[in-house]
Amino acid sequence: MILLLEQLFNGLQLGVTLFLLASGLTLVFGIMGLINLSHGSLYMVGAYITATVTQYSGSFFIGLCAAIVTAAILGVIIEYLIMRHLYHRDHLYQVLATFGLILFFNESVQMIWGSQPLYINIPPSLDFTVKLFGQAGYPAYRLAIIALGIFILLILYLFIFYSKIGMLTRAGSSNREMVQALGVNINKLYTGIFAFGAVLSALAGGLAGPIYAVEIGMGESVLILAFVVIVIGGIGSIKGSFISALVIGIVDTLGRAYLPQFFKTFMSASDGAAVGGSLASIAIYLLMAVILVFKPKGLFTRL
Amino acid sequence: MKMRASQAMMLEVRHLSVCYGLSQILEDVALSVNKADIVTLLGRNGMGKTTTLKTIMGLARSHRGEIIFDNQRIDQLPSWKIAQMGIGYVPEGRQIFPNLTVRENLIATCRSELGQSWHEQEIYSLFPRLAERKHNMGAQLSGGEQQMLAIGRALMTNPKLLILDEATEGLAPLLRQEIWRCLEKLKSLNQSILIVDKNINDLLNIADLHFIIEKGQIVWQGDSDQLKKSKTVINKHLAI
Amino acid sequence: MISLNRSNCVIIVTFIALLALPPVLASIGESYYISIVTKILIYALVGVSLDLIIGQAGLVSFGHAAFFGMGAYVCGVLSHHGSNGLLVFYLFPGTSNALLTWPIAVIVCMLLGLLVGIISLRTAGVYFIMITLALAQMVYFLIISIPQYGGEDGLGLYGRNELAGVDLNDDTQFYYVCLLCLVFYLAGSIKLTRSSLGLIIKAAKFNQQRLVALGISPFKYQLLIFVFSAAGAGLAGALMANLTQYVSPDYLHWNLSGKFLIIVILGGIGSLFGGFYGALILLGLEEVLSSYTDHWHFVVGVILIIMVLTSRQGFYASITGKKT
């Protein structure tokens, strides 16, 4: 029972990380109509910057801030130089250009940091365990990530539904020409949204640093998971992203933890582990396929 | 009428030509709007009225001619700059934001200048129906309410010139009256307005100057008295 | 009659050059290049198959490596068991007869294509891109989760398959076999696109609603072309397993799907033949760049970005003068 609870929390933590990634992706797609594969590269860059600055400054918090600032600057530059020329282009070209960006970032990171993975220690202030329901301990750091994720969801929600920029963002997603004809420089808005997505992605990467290894290409598999998240949640929907990110996080984590055991109950130990392991690794994709059969446009639509 | 010569020019369009691809839609169009005047652009379907307005707004590009607004050339500016200089646009088909509430539609793009300016409350007193539906989504409004919202939204940018494209299209007579009443109110506030509409009779009473466009060219211009007298003009260019 | 316009000339010259290549390389003592050109032919086969979906149906599949890799793995696993004598999934014996391994690889890929197609073709645009990507990723994880077949390390083979009358282990003979496969697949693709089915698919690309209004549902036609495309990629995978005598998870990796897209773009969308020129340019570029620097991916990335931003037409279009 306690183990299940622990796995559930692990799933939540993965879900929250995915949400940070998926929300930027889905905003950028929902508003600018841009499919951005290189979103995962900012996740990677965020993790690398966090690792390096944490090492030099001795403070994980400063490391994260550095990652956020870097991502914001990179986001503005990328949007200005590349993305804004892609908004009106066919998705195929968006895929290609942002694929090119991935190659660019992966090689740049390798040139700067080399190909050895980096490791970040859990910040000492969060390096303890918390008793869940008075029983076994659960790492405080992971709990902090979950809390932060929920906090960011709230901020995003308030921002999108109650700020003037949020209103313009929603307005722009339904009719960008009209927003401009009413006197709003939508390019600036787009740059801002793109940079904001980049910041969330880098933040996710920085936070993931102490849990997973910081290595080249780390953003790619998680990016594809984020795609699954937004396909299920409905492209453009923040609410959909949040719900489906949590579902994906939990299904994936629980699947890996329990499917092998489950198959072992009626198969030989090694076969059960193999079949269960295989099934666990594809569980979320199967989930996606099943959902798409019933809801080809995902669970939620629009902002 | 006698005053007009001394009044300042709000908008002036000269030698305007516009093409969509290979087909020329506007040719050598000229029109002007004086401060505090209501000016109409009349014409049958597909003659280029919307195109003229879109070009003024920077939503379509001219390949010849100039557009001068408030003593500055605007024909090469992006549409957001044109709007910021003080043109409020009420487009054909209303184009309100369906996923924003009525209130959000009004305040998302609002801008206030010093001096006399429109605020949310004043829009509600101009169109009380909008106040009742304040928290409804744009998509839930009736056609008339959407039209009022589109006008309110444009007024909230506190424009020097208001441009209306077919603001009464498809509205029931009562609702149409409400729009005209609003225009009269705006006129009394010295708002300059350029309006495209098909209800010529209603416009004869409130507008100062009329331009008639046919196949992309201005074929007639004159004030309401002149237009009332020349039945032939109406029959030739405007009768359906 | 084939008319001798510019594009046909280019194709004919290319074909003759490809036929003549092995003896020429042998005579100048550079036979090493044979296997590189063979790889180009194999990638060209994938390029053609992918261009069928992108160019004809207007759907961007970002999961073509799944079919390529699946073809390679099916062929590889069958051959693997053919040499170690164990049963495949405890069910049936393996074989290294190319007349069995290749068709089986193709059929399995067609079934996979059917499955992926049924799910993804219900959508379009960016959903289609993401779903094909996700399903390909699923195939990737599924296959690397099987430790018997090497997991993340891949599976080495004991030599190439056997084909009656041909020695596939001879690079030159294997080259001609690959060329033959490419030519046949190209011919099939061209026939397909010129058939009424091809016309319906093209019509669906421009106006799906109108077709539906005419009582034609493009779904089954799109599915058919998707399955045919999967077959081509699967065959290419089987050839690749033979070429390298090794099957690697890289063959399933989404990076490879990206490369296949680049090939189609470089060659020119919708030209089919362009698949070959795209593969030639990309692999040629890789070959040249990698001899100068380890960070050649960096250069490829930058070239790709610049290419998209300046939006050149495909290579095939620029040498044949044909608009695609």
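Labels for the chains are A, B and C, by order of writing; each one numbers its residues from 1.
Operating definition for what follows: a contact is a pair of C-beta atoms (placed from the backbone, for glycine too) under 8 Å apart; a residue touches a chain by one contact, two chains touch by 3 or more.
None of these values were measured; they are calculated from a predicted model.
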item	value
Graph class of chain-chain contacts, one of line, ring, star, complete, other	line
Longest centre-to-centre distance from chain C, chain (CA-based)	B
Centrality ranking, top chain (CA atoms only)	A
Chain centre separation in whole Å, for chain B relative to chain A (CA means)	46
Where chain B and chain C are represented by their mean Cα positions, the distance between them in whole Å	57
Rounded Å distance, chain A centre to chain C centre (Cα mean)	31
Contact set on chain C toward chain A in their complex	54, 60, 62, 119, 122-123, 125-127, 129-131, 133-135, 137-138, 141-142, 145-147, 254, 258, 261-262, 265, 269, 295, 297-298, 300-305, 307-309, 311
Sites on chain B touched by chain A in the complex	57-59, 78-81, 83-84, 88-89, 91, 95, 97-100, 104-105, 107-109, 111, 153-154, 157
Chain A to chain C touching residues, read off their complex	29, 35, 82, 85-86, 89, 91-93, 95-97, 99-104, 106-108, 110-111, 220-221, 224, 227-228, 230-231, 235, 274, 277-278, 281-282, 285-286, 288-289, 292-293, 296-297
For the chain A and chain B complex, residues of the former touching the latter	164, 167-168, 170-171, 173-175, 177-186, 302-303
